[in-house]
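Read from first to last, the chains carry the letters A, B, C and D; within each, the first residue is number 1.
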Amino acid sequence: MMLTVVLWCAAALLALAPLAVIVAHMAKAAPIVYGLCAAAALISLLAALKQLLGAAPAESMALPLGIPWVGTHFRIDALSAFFLAVVDLGAVTASLFAIGYGSHEAAPSRVLPFYPAFLAAMNLVVLADDAFTFLVSWEFMSLTSWALVVSHHRVRDNVYAGYVYIVMASFGTLALLLAFGLLAGPDGLYTFAQIRAAHPTAGFAALVLFLALIGAGSKAGLVPLHVWLPLAHPAAPSHVSALMSGVMTKVAVYGFVRIVFDLVGGPAWWWSMVVLALGGVTAVMGVLYALMQHDLKRLLAYHTVENIGIIFIGLGLALAFKAYGMDSAAALALTAGLLHVFNHSVFKSLLFFGSGAVLTATGERDMEHLGGLIHNMPQTAFVFLVGCVAISALPPLNGFVSEWLTFQAVLLSPQLPSWGLKLLVPGVGALLALSAALAAACFVKAFGVTFLGRPRTLAAERAAETDQFSLAAMYFLAALCLVAGVLPGLFIDALAPLADILVGSRMPVQTGVQWLSIVPIAAGRSSYNGLLVFLFIGISGTLAAFAIHRLASDRLRRGPAWDCGYPDPSPATQYTASSFAQPIRRVFGTSMFRARELVEMPPPGDMRPARLVVVVRDLIWDAIYAPVAAAIGFSADRLNVLQFLTIRQFLSLVFALLVILLLVLAIWP
Amino acid sequence: MSFDASDAVLLIPAAAAAALALLPGYRITARLNVLATLATFVAALSMLWARPEPGLYLRVDDLNSTFIVLTTFVGFTTSVFSASYIGHELETGRLTPTFLRFYHAMYQVLMFAMNLALLANNIGVMWVAVELATLTTVLMVGIYRTHEALEAAWKYFILGSVGIALALFGTILVYMAARPVIGEGLAAMVWTNLIAHAAAFDPALLNLAFVFLLLGYGTKVGLAPLHAWLPDAHAEGPTPISAVLSGLLLNIALYVLLRFKMLLAVNPAALAPGPLMVTLGLISLVFAAFMLYRRRDIKRMFAYSSIEHMGIIVFAFGMGGPLANFAGLLHMTMHSLTKSAIFFAVGHVAQVKGTQRIADMGGLTETNPLLGWGLILGVVAIAGMPPLGIFMSEFLVVSSTFVRSPGLAIILVFGILVGLGGLFLRLNTIVFGEPRGPTAEAKASYVPLFAHLALVLMAGLYMPAALVAWFENVAKLLG
Amino acid sequence: MILDFAVQGLQMLLVLALAPLLTGFVRKAKARLMRRQGPPLIQPYRDLIRLMHKDVVLASNASWLFRVIPYLIFAVTWVAASLVPTFRIGLLFSWSADLIAIIALLGSARFFQALAGLDVGTSFGGIGASREVMIASLAEPAMLMIVFTLALIAGSTQLSNIAEFMVSPAVGLRVSLALGLLALILVAIAENGRIPVDNPATHLELTMVHEAMVLEYSGRHLALIELTASLKLILYVSLIACLFAPWGLKPEGAGIADFTIGIPAYLGKLAVGGFLLALFETSIAKMRVFRVPEFLGVALMLGLLAVLLRFVSGSL
Amino acid sequence: MSSLQFDIAHLLAGSLVLISFMELYQDRLYALLNVYAMHALVLALSVAWQAFVQDAPHLYVTAALALVFKAIVIPVALHRIVVQLGIHREIEKVVGVGPAMLAGMGLVALSMVVMLRVTHDSDPLAREDLAFALSVVLLGLLMMVTRRNAVSQVVGFMSLENGLVLAATGAKGMPLVVEISVAFSVLIAFIVIGIFLFRIRERFDSVDLQAMDRFRGERR
């Protein structure tokens, strides 16, 4: 029932794509298309929630499409339902946002057709129940998002970003293809049911793990496969960026979870070490990269990398516990990871919407040209701030809850017998803590430089508040951040069936606990109550304000900024994004990015201004991608000689081949 | 021998060729050309229902009926495209009416030769037909009389002739192998007899024969390092001919090769042709993939991409087994449709921009949206992306190969990925960015282009059961 | 139940009331150690009241956020402080936020304070904010490592349970605990902006961190921020006290009578802690800003080492 | 068949191989053309002999064709082309005579080995014949590859094709032989005409000297 509903929604979205091609040039095209998208996604969302919360049994369905003798199989179980909900939540809000935002689009005909197709593809990925359908939807998702990335094709960087993206995406897809090739075996048993039934050997399973890490990881943005992400996500229109960062990466996580937790079967203990190490590195590298950025959307994209790392830390712990049969602990770790999936999708969409609003208001993505927007765009500033607090994992918002749960899972891991894990997990815990702290620092920078201070350019000064639809979308997500932060119990319980499927156990039920606090393991061990904390803060804050205004003074005068007695009228003297990051750059960047500051001081009498240039190198690119590109270019050049041979030389090639083959025949046994 | 569909498939083009050689005026001739190909196509379709009995010279079975329908169909759509294309060529004066008459006649001769090669039940006739096709294309490649065109035609001619010789030697050897078993005379060259008795043939002779046939016909397939003629012939000839070359002639040669592969497959003592084909296939794939990066001429680039895909197909057939063979057939069909579609698009692009240099094109989606997106769709399809047909075949090839021999699959995937990179690198400069070059609207019918793409799309999503059953039979035939 | 409420309330008021006193005490002690007379103990209270009654002079381009933040950080810090057991374990709401959450609450306070530093758009605000977050980015992980150590020893992240465990004889002397204590002290110094990391008394522009952030504040806002700083100080002192010197902490369900022991004990601890802090500050010079990372790196390493020890063996 | 017939066929085929070697040895164009004429002559003889042995009259046509067309018409035509286009008289080689000869030896040996693997029930004449034919083919190809000179390349191709005809006629009762030989004669005619039309003075490699660098495939 639910399955048919969501499939019809996906079909409707697909049908919307050609429709959009036709109507794209009409004046009211954007609202119509996005409105319809929102409607379809909403229905699908409700269906998914019903499936998930109603703990309905899994439904499956086969259509006579795709590979003829296999057919196209769809299935919705708790896992699919959860991710479907995440996807469609993002889809609904993004479409809502786009109803307003999309009207600023310069070339709607390059966005409108692909947007619904993109949504449909993401929906289908999480519903697919056989390898072919999964990969088709997966790659179709890449393809449509690629089209959206290059929608502003006159900007060279966007086309370049699209190129890197499509190549990396195909790389990932081919890796997954190989993985499924292994799982399906020589006689092509492609449906997931058959794959589950067949248990691969340990070697094959390990190979599948690595291929899945490459395939899903490259889409999710695991370091070192992340390079395309900070290029492609910002290049797309902001509502699409939100979808790519907030939702598509989660679809990638789904792919990983589906393959590694569900299809392959029992994990080996060392798998978790790989995943944990990758996750930890990704988390810290991601946030450090972000700190070096002053392009708002690119900064957000790098934070996606960081959060993916956090998610994979949770998943890695879950794998470890699962491998040693500590199911309840595995359930905790898994829930932590999946809860972060949801949380990140919420606040990352929110933040990208905010950046989109800023972009439309000022036409600027570069924070160095922004500032002081809180005065002209108070509401956007407020919701963006909520997003910043949430993603910085600060109580009482939702980001904190999932990281808190992850920490709880880390604290359970000394019981793991393996020494490797005993040594690795504390380090990963430290990395997690570090990334959380750095994220806070980074978002102080992001919000402070963009919205606070004095406007650095005319554009920033002239900015105007964004439209109602965008605000509605953002307020909704902000509210969601708060709700998920103060009432995490509801969300944790919703995830219980997933844990059941994947690790065969579930966390203790939270809704029953007194005062609505959450108790992951036992009351004596740890508990957190976002609601009370929130209330306390609210009460004591208002109390203080009330008391002071009553008993002391509430008078207030405006004056020029004091600034130790020599205020400077020029906004250029404010701290910029890069100057704000300078201390941290000096601490971490010098080794991690070879960050150098080149001061160019003209001699006395020279009228040129002195310049300070900060050089930041991406070592991962230099170490891996540049050599590969160079190697391909080199071999292309070498082989290209063959285009310019003379006929006689070509003939000699033929002759040589003939002789070789004859020799083979001669020595053939 | 009573007249039946298979004769029609041969006679219509032959008659049309004669007529077109005589008639003046390009409007009539172009129309007639279209009509003739359409009639041929219909006749070919009719063969699906009323299948003629195999004779000494002609036969129809699952394998070649697949090919014939495909060939005649692409031949038809290409003639439609060619009608609009040629009109433009006349206006710009690149072709004179005399040459045009010659062109149309040759087009029909080519159709005739290809159908003959497919229908032939006699390896001698098969050889003659393939060579006839080669020579006609040689003439058409040189039709523009530019230095490049003559150069390309000449190269094609010489390499082709050597190929012809080698193929003939192989054919003779097959006859030698067959004679002791079947007896002297024509019977020993009839395909049906050969396949029936191949088990008893002398394996050493068969091996030797296959080596020569592989090189001889492999030259036509364009397998590296025998490919040299292919890129230039594609680049310098008229675009409809490039489309036919890539879409059909390569397939024909491959088809002939498959026939002989089947012979060897039947004979247990003979060496397995698989490894040879797999090696050549992978070489062609990787080589062509790298060659894509340094291309400046749009048609030559897609010619190399044809080599790449021929590599994949040969690889698939070399691997053998029901899955791989099915994938190979599917890939072959999809590639013909897609590649000819791409060449349709490229032809219009070249006419709009007045050049084939990629550097002089840009922002096509801006200036000619329909054409630009058509080209993108084609490239996306040829790069093996869903939901288009080639993705399915590549999915089957890769996933079925990886378990059997991981190393090969890795190379295959590597080649595909490199090729994709090259294609998109060039595509970006053509369709995106600031518009460059002339931006006149192309006066052309996009029907063939999008018809092909629609078919490819459909195949990627849903394949009719009949077609599938058919392919599966053929896959079994190929063993 | 009623009693529990009373106790929780008493705790909240107690920390609020004692916070300025502790600050004053430390100042006094420092002055004395430097052979100065020093301000009277109640000077901080006077300052606060004076500031409260002054007008607020707001920079012309200060935003609404700038005005909200003082109350916000005060509230957050107060809540955090009131969850740390001072004289009695098992406060009514102690389970509403465990040690990790308390650290995170302080984190939120710092987050907003740094934002406030950036709001007016002056260069000094920027300096302060950027340095603050740099310090925090190292201090917080170190703190979390310490929390891990304690949590792993006591088998709980619940402050009350940890304290309970610490009272119990089961603790014994542990290497990891020693490392943890050392790290905690370093972090506490950094977090409260004391010498050698930062100087709460300085107004020499280039050395300021915390002071630079709040440069534009005045009147009641400044008062609240000062109070918040004191609260943070007392929070850390009592945190150290209840974790590493839990003597005199009364278990749950203790009656009024026991407070006669608990509260004095707590005051004693505060006095000792304050004096030690003063002693430390007078005996050391402030370090350059970019030495701070090394200072905190040590703390982080110590914490990590402690956790590792806990992971590999139960007895260390 | 009697051993005499066998020996004569064998002799003719073998001498064909020998003449191929002589072609390989030549370094003057006219001499080369003459040697080729001889090559064609011997081919004609051997074909005629096959026709007689297999009493397959239609093979006489092929023989006649070889005699008239290949042994007379083509050499003369080429001779005139050389004169008219003023082609250098000596042959530019890629590898010297010595190495070429050695390679030729290797090829002959190779073809022998390959053919001798053929099981013995197929009649020996065919087998030996085929071995010689194969070596002639390979030698022709070798010549095309090691000679820069257009005319000598044509000669190489033609002797290659002679090898084919030898094989075809050697294959007892093979149909279409005549047609095929005719077809090939036409093909060769095309090539020769092509050379004349495109005024290829020195090499196949390009349509004319200037074109050679500019129009080989894509511009560099």
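The rule is short, and it goes like this: contacts are C-beta pairs under 8 Å (C-beta built on N, C-alpha and C of every residue); 3 or more make two chains touch, one makes a residue touch a chain.
Values in this document were obtained by computation on a predicted structure and should not be read as measured data.
Remark: among chain pairs A-D and A-C, A-C carries the greater number of C-beta contacts.
Each chain's centre was taken as the mean of its CA atoms, and the one lying most distant from chain C is D. Mean C-alpha positions place chain B and chain C at a centre distance of 78 Å. The distance from the centre of chain A to the centre of chain D, each centre being the mean of the chain's C-alpha atoms, comes to 69 Å.
Put simply, the C-alpha centre of chain A and that of chain C have 35 angstrom between them. One simple way to say how far apart two chains are is to compare their mean CA positions; for chain B and chain D this gives 31 Å.
Chain D has residues 114, 117, 141, 144, 204, 206, 216-218 in contact with two or more other chains.
Counting partner chains per residue, chain A shows two or more touched chains at residues 643, 647, 651, 658, 662, 665, 668. Across the assembly, chain C contributes no residue that touches 2 or more other chains.
All chain pairs that count as touching, in label order, are A-B, A-C, A-D, B-D.
By the touch criterion given at the top, residues 49, 52-61, 63-65, 71-72, 74-76, 78-79, 93, 95-98, 100-101, 104-105, 107-108, 110-111, 114-115, 117-127, 129-131, 133-134, 136-141, 144-145, 148, 151-152, 155-158, 161, 203, 205, 215-216, 219-220, 223-224, 289-290, 293, 300, 303-304, 307-308, 310-312, 314 of chain C touch chain A in their complex.
Chain contact summary for the complex, chain B toward chain A: residues 154-155, 158-159, 162-163, 166, 204, 207-208, 211-212, 214-215, 219, 225-226, 228, 231, 271, 276, 287, 290-291, 293-294, 323, 363, 365-366, 369, 380, 383, 385-387, 391-392, 395-396, 398-404, 409-410, 413, 416-418, 420-422, 424-425, 428, 431-434, 460-463, 465, 468.
Residues of chain B touching chain D in their complex: 124, 128, 131, 147-148, 150-152, 154, 157-158, 161-162, 164-165, 168-169, 172-173, 175-177, 179-180, 184-186, 188-189, 202, 204-205, 208, 231-232, 235, 295-297, 300. In the complex of the two chains, the chain A residues touching chain D come out as 643-644, 646-648, 651-652, 655, 658-659, 662-663, 665-666, 668.
Looking at the complex, you find that chain D touches chain A at residues 94, 107, 110-111, 113-114, 117, 138, 141-142, 144-145, 148, 153, 203-206, 216-218, 220.
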